[in-house]
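Take a look at the structure set out below.
Note that the chains take the letters A, B, C and D in the order they are written out, and that residue 1 is the start of every chain.
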Amino acid sequence: MSGNSFGTLYCVTSFGESHGAAYGGVVDGCPPGMALGAADLQKELDRRKPGSSRHVTQRRESDTVEILSGIHEGRTTGTAIGFLIRNEDARSKDYGAIAEKFRPGHADYTYWQKYGIRDPRGGGRASARETVVRVAAGAIAKKWLRERYGVVVRGYLAQLGPLPIAFKSWEAVGTNPFFSPDESMTGKLEQFMDGLRASGDSCGARVNVVAEKVPVGWGEPVYGRLDADIAAAMMSINAVKGVEIGAGFASVAQKGSEHGDEMTPGGFLTNNNGGVLGGISTGQEVTVSIALKPTSSIRLPRRTIDAQGRPATVQTTGRHDPCVGIRATPIAEAMLACVLMDHALRHRAQCGDVVPPTTMG
Amino acid sequence: MSGNSFGTLYCVTSFGESHGAAYGGVVDGCPPGMALGAADLQKELDRRKPGSSRHVTQRRESDTVEILSGIHEGRTTGTAIGFLIRNEDARSKDYGAIAEKFRPGHADYTYWQKYGIRDPRGGGRASARETVVRVAAGAIAKKWLRERYGVVVRGYLAQLGPLPIAFKSWEAVGTNPFFSPDESMTGKLEQFMDGLRASGDSCGARVNVVAEKVPVGWGEPVYGRLDADIAAAMMSINAVKGVEIGAGFASVAQKGSEHGDEMTPGGFLTNNNGGVLGGISTGQEVTVSIALKPTSSIRLPRRTIDAQGRPATVQTTGRHDPCVGIRATPIAEAMLACVLMDHALRHRAQCGDVVPPTTMG
Amino acid sequence: MSGNSFGTLYCVTSFGESHGAAYGGVVDGCPPGMALGAADLQKELDRRKPGSSRHVTQRRESDTVEILSGIHEGRTTGTAIGFLIRNEDARSKDYGAIAEKFRPGHADYTYWQKYGIRDPRGGGRASARETVVRVAAGAIAKKWLRERYGVVVRGYLAQLGPLPIAFKSWEAVGTNPFFSPDESMTGKLEQFMDGLRASGDSCGARVNVVAEKVPVGWGEPVYGRLDADIAAAMMSINAVKGVEIGAGFASVAQKGSEHGDEMTPGGFLTNNNGGVLGGISTGQEVTVSIALKPTSSIRLPRRTIDAQGRPATVQTTGRHDPCVGIRATPIAEAMLACVLMDHALRHRAQCGDVVPPTTMG
Amino acid sequence: MSGNSFGTLYCVTSFGESHGAAYGGVVDGCPPGMALGAADLQKELDRRKPGSSRHVTQRRESDTVEILSGIHEGRTTGTAIGFLIRNEDARSKDYGAIAEKFRPGHADYTYWQKYGIRDPRGGGRASARETVVRVAAGAIAKKWLRERYGVVVRGYLAQLGPLPIAFKSWEAVGTNPFFSPDESMTGKLEQFMDGLRASGDSCGARVNVVAEKVPVGWGEPVYGRLDADIAAAMMSINAVKGVEIGAGFASVAQKGSEHGDEMTPGGFLTNNNGGVLGGISTGQEVTVSIALKPTSSIRLPRRTIDAQGRPATVQTTGRHDPCVGIRATPIAEAMLACVLMDHALRHRAQCGDVVPPTTMG
C-alpha cells in the first residue's frame, strides 16, 4: 500500500495540495446501511476550519465538502465513499519569494531532494491543510463507532506552549477557540497568543484524545497492535513529534507495583496502560497524548539555503497558525476514530464468533 | 496484511509462543547477493539473550538461530528467508498457578476476552520473548543498510527507573550489561537493580536509538511517513508506552525560532526534528526515544480477578526481567533498522531515477 | 487493503457509481518528474468512450477528466494524483422499472444480498462505467512504461461472438470501431452487430493484449507472480470470465517438447509461456487473452425474482452495449499497464543493484 | 505486502527451496477455538505427496508437517500458526550438470536475470514442491469453511493431455491416482502415462475445482472481486497458464439470452457465471477450471544457452512428474479454500450486521 492510504479494512486514501484545485479522499470499507450525508462531515470540518478566531490562520476557506459516491438515498451502500473539498483562497503569489528557498522546519528541502521537483505553493502536499481529508474520514468513523458500539472519541488541548491546561470538563472544550477543557484559562491563553503573534514567533502544544466505551478485544498481536496503529496515525499528523499511550513517558520512573493496573470484579482500579494491554483494548478508556512542534512558518528571519545550496534568509509572511496545535484536536480525534474503526472491523472478522468469557465492571 | 507481519517491501512475519516449540520468522524482500549466514543473526541475538547478567531473567535460552531458506552458498538469493529459534528452557509448570488468573499489566485478560482461549504458559504469544524474531530480522536489515548505504543503527539506555543516564560514548555501551553509554554509572545502576530485585518490584526505562548516515529522501507522504512507521514499530515492542522523534515532547514548550532547524551550506545547525521533516529523512541522524513501562510480573502480591470474574491475588514467581528496558536496546535498534530498510526500498522504487538536486553539508 | 484499490506500489483507488455525481480515482506511487496533463488521460478515455459508433451504448458522456492534484507545472510531483470524471447523461428514470427486480447476469442480486442496500441506477458501483478510472490510471502507467523502458502495451479484438478475428496488423486496429486487427473483417463484424442489435440479444468476445519490450526480471515469487497479478487485474474487469497467459488452455493438450520454449544465443525460439516463467518476465512479449461474457442487459424477456423473492420478468430497455467486449480493449490494456508498472517499481526496489548477468537476443 | 505472502485477512506466508533444509509457512488470521492438529494438515499433504504412484515423481518425501505455534491444547488460539516440513530426499548431485544451463520452460533463466544469483538445486524457490505450504494452509481453510459454513471444496482432473475426462462422481475421484472422476477411464489414463514416460516427454492437464455451499455475498467490488482473487491464486500455482470461472472461454461464443443465469423463487436455473456475479458470490457453486502446462523437465534433448550465453543442450534426468497436473488437484483446492476463507472474514468484517434480505432457493 502506498503512502497516501492508511488502514487495513477501514481504508482512507487522500490527495490534494494546499494551492491545487482541491483536496479529496476515498473511504473504503465502511459498513452499509448507515445514515450519512455531507452535513455529518461538514460538522467536523467546521471544527477544524481556518479563520475561526484571531488565533489561527486567516486563510478564508469554507471547507465545503461534496460527497461523490458511496451513498444512496441517504445511506452508505458499502462501496467507496469519494469526497471533495475545493480550495478557494489559495494566494499563491504569497509564496513567490520563498519558492527558491527551503523554509526551516518545513518539508521543502526533503520533498525537493526526494522527488527532484516540488509544488512550493503553501507547502504543496506537505501542507497541514491535508488534514481536511482526515477529519472528513474521521467523521464517518466517529459516527459509526458511536452508533454501533457507543464509542465516543473526543480530545482537548492539554498544554499551549509553556502553559499546561488541567482537564476540568468536556463541556468547557466547546466554549473557547482553543479546545481548552478549562474555561478559566481562556483569558490567559488569549493573552499568550496575542503576545506570541506580536512577537512573530510560534509555539508548540500538547493535545490529549480519549476514546470511551471501546469494547475489550480490539487490536492484534504482535505488530498490528492497537497502540502501534494509533502511534503511526498520530505521528503521521503534521508537526507531531511524540505520542504517548496511558502513562506514557511517566512509566519510565514508575515501579511495577504502581504502574500495573490492578483488577477487581468491579473493573480496573487505574488506567496507566491507557486502555491497551498487549496491543489489545482492555475495555477501559483509550487515552492518547501527542506533542505538536511549534509552527515552522514564522515572521522572524531564519537562516537557510536556496535550491543552489547558497546561504539565504527566509521570513514567512503568508497566513499561518501561530500554533498548529490549536486546530489539532479534531484532527487527532479523527485519526483515533479511524484506527478504532479499522480494528473494530478487523476484530469481528477474525473473532466474530467469540463471546468474551469473563464479565467485569 | 495481518497483525503478525510488518513492512511493505522489507516484510517480516513472526510466529511462536513463549513455551511453544519454537519462534520463527520469515523475512521477505531482502535484496539478493548479500553475504549472510546464521552468525550474522546470532551476533545480534546474543546481545538480547536472557541470562547474560544477574539483572535480567535467568531463563536459560541459547537462542540459537537456524536459517532454513533464502540463502545459497552464503549469499541471499532474493527469496524469502525463513529462520527458526527453538525454545529450550520452557518451565511451563511455573505457570500452573496463574493459568486461571489475569496478571495485572499483562495481556492475559485481553487475549482471553478477544479470543476466548489463550496459551497461559509464559504469556504465550504476548511474551516479550517474541522479540527474538525482530532482532533476527533487524540483523539482516542492519547489515544491508550498513553495506549498501553506510547507515549505522545503534542505541543505548537513557534512563533506568529514576536514574537518567547521560550519553558519554558509543564505546561505553558495550562495556556493561545495561547498554549504558556512561561507564561511570555502572556501579550505581547495579546497586539500583540489586535493591529493586530484593524488593520484588520492577522499574521502567527509556531507550534512545540513533541511525546515522541515513540519506535524505526516505519516507512517504502523508500516512507512510518515515516517522509514522517508526512510531508504529516502536510502539509494537512489548512494554513501550511512548515514542518521540527528535525533540519529542520537549517541542511543546519550544518556540518556533528555537525548534525549526536552520540550514547553512555546511548543513543543518540543529536537529530538533530528529532527522525527519514532512515524514521524509533530512540526511541528519534519525533520533528516536522510547518509554518502557516497568515489568508487569513482580513478586509483590497484586489484586486481580480469575477467569470466572472472582477476586484473586497474584504473585509472579517465574523468571522475569526486573526491568524489561535493560534488554530493549537491541530490540529497538532492530525495529528502527527494519523500518529504514523498508523505506530505502520504497524510496528507490518510486524515486530511483532522482538525483537529489541540492548539495549541502 | 480494501477492494476498491489495487497495486502494491503503483496503487490505484477508485470510486463512483453509474448514476452518481462522478467517477474518480487516486493514483499513488507514480515516479516524479514525468510530463503529464489531462490530455494524456483524455486520449485513452476517448478510445473507451460510449457513443462512438452505433455498435456501442448510445449514452452520451464526454468523459472529460479533470486532474486535481499531483502535478506541478506539467510534471508529476510524486504525490497522489487525484482525478475526476463527472457523469453527464445519467437517465435514472430508465431504471425505475427494474429497481425492484434482479437482472439476470448482473450484480443486482449479489450487491443486494451482501450489503442489504444497493444503488439500482445503472448498476450502481457494479456498472462497467467504473472502467473509466482504470483507463485513466492505465494511461499514466502506459506513458511511464513507454518513456522509461520503451514498453508498448496494446490490444485488439480477437473474437466477436462466433467470429474469430485473425491478427493482421496493429495499424488495422485503429481503423474500425471494433479494435479489430483485420480491416477486411469490418463489414462482417458490422453486419453481425446489426443483426444482434435487431434481435435484442448480446454476445461475448475475446480480447488479446500484448506488452512489448518488457525487460527480463519483473515479477515476484511465489504468490506475487507477474502472471498472477495480471490474472487478477483482468478477472476484475466487468464481464471477464477467463484469462490466459501465453498458450493458455492450449497448453493442456501440448507435449513438453512442444510447449517448453527453447533458447538460443539469439533469443527464445517460441513464446508459449507468454513472456512469463516462474512468475517473472522473460524479456519476450507478455501475451494475455481474456474472455468477456455477453452483455447481461438485453431487450429479450428474462425470468427473475424481485426483492420479495417473487417470480418476475425483466426486459432491459436502457442504453447498453450489445457486446461489452467491443470497448474492452483499452480497458484490458490499461490493466496490463498498471500491473507492469507496479512490478517495474517493485523489481527495482528489491533488485535495483542487479545487472542481469547473461546477454541473449 | 511482499511476494511470498497472500491473502488480506487469512494471510499465508511461505518459505523454502526444493533442496534446502525445509519448507515452512505461517498462517495468520485463523479464528480462534477451532480444533486443529498436525493430522488435519497431514491428511491433505498426503494427497499431494510425491511417490504415491508410478505416474508421478519418485522423489521420496514423507512430507511430515510439524506445527510450531498458534495451537494450545488442540485448538487454534487466533495467533499465527507456524509450520515446518523438512526436506528429506534432496539429491542435489542430480543437478550438478544443469546448474550452468537454463532449462527451457523453467524459471532458471528468469530467476538468474532478476536476482543475479539462483539456487539451481531442483529449481530452488521456483520448484513446485513449494505447494506443500499451500496445501497445509489450505487444509486449515478447508476445515474452517466446512465447520463454520458447511462449505465443501473439492476438485478433479478434467483432462489429461489430449484425453478429456467427463465428471461422473465425486466418489470416483478417490479411487485412482489421477483424481479422475470417471473410474472407467483409469486404464486409459494409465496406458497414456506409461507411453508418455517411455517417450521421455510430458503433457499438460486441466483441473476443475468446485466450492459448494458458499453463502451469497462473499467478494468485494471492484478490484477485490472474489473471482479476481481466485484468478490470482490459481495463476500463482506452478505451471498454470489459464483460469476460467463458470462458462469461462465458452462465454465468448454465447449469446446473452443463453449465458445470463435466470432466477426463480427456487433458485438460479443455470450457473454460467460460476457462482460469482459482480465479483460477489451468488450462493451457487463456485466453479473454477485451470490449465496446467506440460512439465518442463523432460528427458528429451532441448536447445538452450548457458550462463555465459553460449548455446547448449539440456536433458533432464532428475526425478520429475511427467504431468504436474496429476498432483495439482489438492493444490488447486487449497488455493480456492484460502481465497474463500479470506473473503468470508472480509465479508463479515464489513457486512457482519447485514441479514441478506431476499430468500431464494
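Convention: a residue touches a chain if its C-beta (ideal position, glycine included) is under 8 Å from a C-beta of that chain, and two chains touch if they have at least 3 such contacts.
Predicted model only: the values in this text are computed from it and were never measured.
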| item | value |
| --- | --- |
| Shortest walk length in steps over touching chains, chain B through to chain D | 1 |
| Most distant chain from chain A, judged by the mean position of its C-alpha atoms | D |
| Between the pairs A-C and C-D, the one where more C-beta pairs touch | C-D |
| Rounded Å distance between chain A and chain D, as computed from the means of their C-alpha atoms | 45 |
| Distance between chain centroids, defined by C-alpha means - chain A, chain C (Å) | 38 |
| Centroid spacing, where centroids are CA-atom means, of chain C and chain D in whole angstrom | 26 |
| Chain B, residues touching no fewer than two other chains | 1-5, 8-9, 14, 29, 32-33, 78-79, 114-116, 125, 221, 346, 351, 354 |
| Residue ranges of chain A in contact with chain B within the complex | 1-6, 8, 12, 14, 102-107, 109-116, 125-126, 130, 159, 161-162, 201-206, 216-225, 227-236, 238, 241-265, 269, 272-274, 276-283, 291-298, 300, 302-305, 307-311, 325, 346-347, 351, 354-360 |
| In the complex, chain C residues that touch chain A | 1-5, 7-9, 11, 13-17, 20-24, 26, 28-29, 32-33, 66, 68-70, 72, 75-82, 84, 111, 114-119, 124-125 |
| Contact set on chain B toward chain C in their complex | 8-9, 29-33, 78-79, 148, 221, 345-346, 348-354 |
